[in-house]
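Think of it as A, B and C in the order they're written, each chain with its own count starting at 1.
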């Protein structure tokens, strides 16, 4: 194998990997930058890949859509993909997302910093998911210094849950939140958005169960 | 093309498409149901696909993880993918968390008290971390008195480790310390009435200041 | 033998003990229990901030170690009852088994870490189906019941673990050196010597034997009794030096039984935090044993 083709092979594989892992179409320019090849060469490689998939009758295609390259299912397989998607066995809410959502539901309006303080981990990723899904939205700004964004649940959230209003949420009862939770809520607005490492253990904070890579548009 | 291989081809392509469209590992059972083939046949097809990707040096692999199949990037391409997928970083786990996780993995279902007994320290904090990260969850209650909560590992745990199932964990027997370690430990705790003289002589010398023969005015 | 064990923060008593014992592996022939006990205790002393729960387990192990060590000082081990003998081995073996188990899981944890490192080199595809299908995906929240949300809220806001020292596994066997001193003085005839064996003949529990031995040493230290022993591990004889009661040094006695009171105020160990003085000092001739609470049968035996 010549040096040229060895480079090409690595570039080709890297392109496949990056496009596969990406949650958005990837621009040729970005791919070119990362594999350190000219954009035109990257475009050629992508074309080759696409042809190869077609020739070997793969169930997926490398599509060039607005904004870049992405993998998608082959149109031939639409009936299968539809049934698969409708079956919906794979749509599930991660425990982390559910907890964050629960905190917002019961403690709104609430800042991201407060959520992180209560959960003891950075809620960044889960919150993004919840925002994208439309369960949660911005409801205002904290009047205090820092003017942190405050979040609350949406109408869609109530609809999905089949509740007429927030008052219909099952009451937490005589549950007394932990002192640290109370403190986090009171401190409230002074809490900067940067997540305090509440969790003593060696967690570096990222929101584990949810941090399943790349951007969290988990639908 | 015979009818048989035609069916196989469609099934193979459909599997590729469905796995590509999934956000989670897809169970062979679900795939089998949708392509209308026996589960074992689907597993064979998946194995074939995985081999094919490997043989043709694709940048992705078809991995068998947490009871299902999923596409993931080839480990060779980690340097590229890491630069590309910035928010995919996992939180690192502390040694304490790992040890507790290992205990749960091998001894599940297991109560908190039992974990603490094995580690010799209270596992409360580490267990909370593991629960929050979703690697461990409640799986039941001890039928005995006290009805202690029993814990086990989750699907996220398998995903995090990249294992198809708990059976794929290396057997615990692999980690039982070898004879030399056992001997060292045994020797370390040997009481004097053990038959080996080696120990005795070591004692006699160094134990002297401790023995009752020392001068009475030592205080 | 010197140990530069300044290094890591030990996660627990097994951690420390494994470290101490396995560290000596290279010098296998010199391994001896008493050194391990000493280093263990001095390690313990250096830990100036012990969590209560950690401390408990550390102390339990320390107590077991001290007990093992103390056994060597007891005379006539070969003549103790078979039951006792078995019990002794049982206890030692139990500690050994627990150490082995702990080591096993430490190594298993390494293997898990290796799996995780390997898995981390791959990123799974999570984007899901493309547009025509995306809208068909059932909303995950539709499967969530309001009660599940409530449960999640409670879980998230639940108090962080309340530290409760689990004492279930601590047998309520208590022995005080102060009381043992009284017993010894009561038992010991004014004029004639008495063998240690006889002194402990009425002690129902091994722990009491040990504590009574410590009491004898204390009395020896204070010049109340004299000790005679003609051969190593031979019969130990205790003889009262003076008739009548000698004024006992109460502070010294308290030293044994009352670890909460820092009795070493005049000590030159200046870096100690007196507030938390859990004094297991081995600066003196013998390990001082605080109100000894031994654990004959710890829970969590290896399966």
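As a convention for this text, contacts are C-beta pairs under 8 Å (C-beta built on N, C-alpha and C of every residue); 3 or more make two chains touch, one makes a residue touch a chain.
Nothing here was measured: the structure is a model prediction, and the numbers come from that model.
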{"item": "Chains touching both chain B and chain C", "value": "A"}
{"item": "Farthest chain relative to chain A (centres taken as mean CA coordinates)", "value": "C"}
{"item": "Chain with minimal offset from the mean of all protein Cα atoms", "value": "B"}
{"item": "Where chain B and chain C are represented by their mean Cα positions, the distance between them in whole Å", "value": "30"}
{"item": "Chain A and chain C, separation of their C-alpha mean positions in angstrom", "value": "48"}
{"item": "Geometric centre distance via CA averages, chain B-chain A, whole Å", "value": "26"}
{"item": "Residues of chain A touching at least two other chains", "value": "17, 20-22, 71-73, 81, 85, 91-92, 95, 119-120, 212-214, 218-219"}
{"item": "Interface hub residues of chain C, defined as touching at least two other chains", "value": "123-130, 133, 160"}
{"item": "Parts of chain C lying in touch with chain A, wherever the complex brings them together", "value": "123-130, 132-134, 136-144, 146-150, 152-160"}
{"item": "Touching residues (chain side chain A, partner chain B) in the complex", "value": "9, 12-18, 20-22, 34-35, 56-60, 71-74, 76-77, 80-81, 83-85, 87, 89-92, 94-96, 119-121, 125, 199-206, 208-209, 211-215, 218-219"}
{"item": "In the complex with chain B, residue positions of chain C that touch it", "value": "11-15, 17-18, 20-22, 24-25, 28-36, 51, 53-54, 57, 61, 68, 71-73, 77-78, 88, 92, 95-96, 98-113, 115-116, 118-130, 133, 160-161, 163, 166, 168-169, 217, 220-223, 226-227, 229, 232-233, 236, 252, 284-286, 298-300, 302-303"}
{"item": "Residue ranges of chain B touching chain C (in the complex, touch as defined)", "value": "20-25, 60-61, 63, 65, 70-75, 78, 81, 85, 88, 90, 93, 95-96, 98-99, 101-103, 105-107, 113-114, 116-122, 124-125, 127-128, 159-163, 170, 172, 174-177, 180-193, 198-199, 202-204, 206-207, 209-214, 216-219"}
{"item": "Contacting residues of chain A [partner chain C, same complex]", "value": "17, 20-23, 70-73, 78, 81-82, 85-86, 88, 91-93, 95, 98-103, 105-106, 118-120, 133, 135, 157, 160-163, 168-172, 175, 177-181, 212-214, 217-219"}
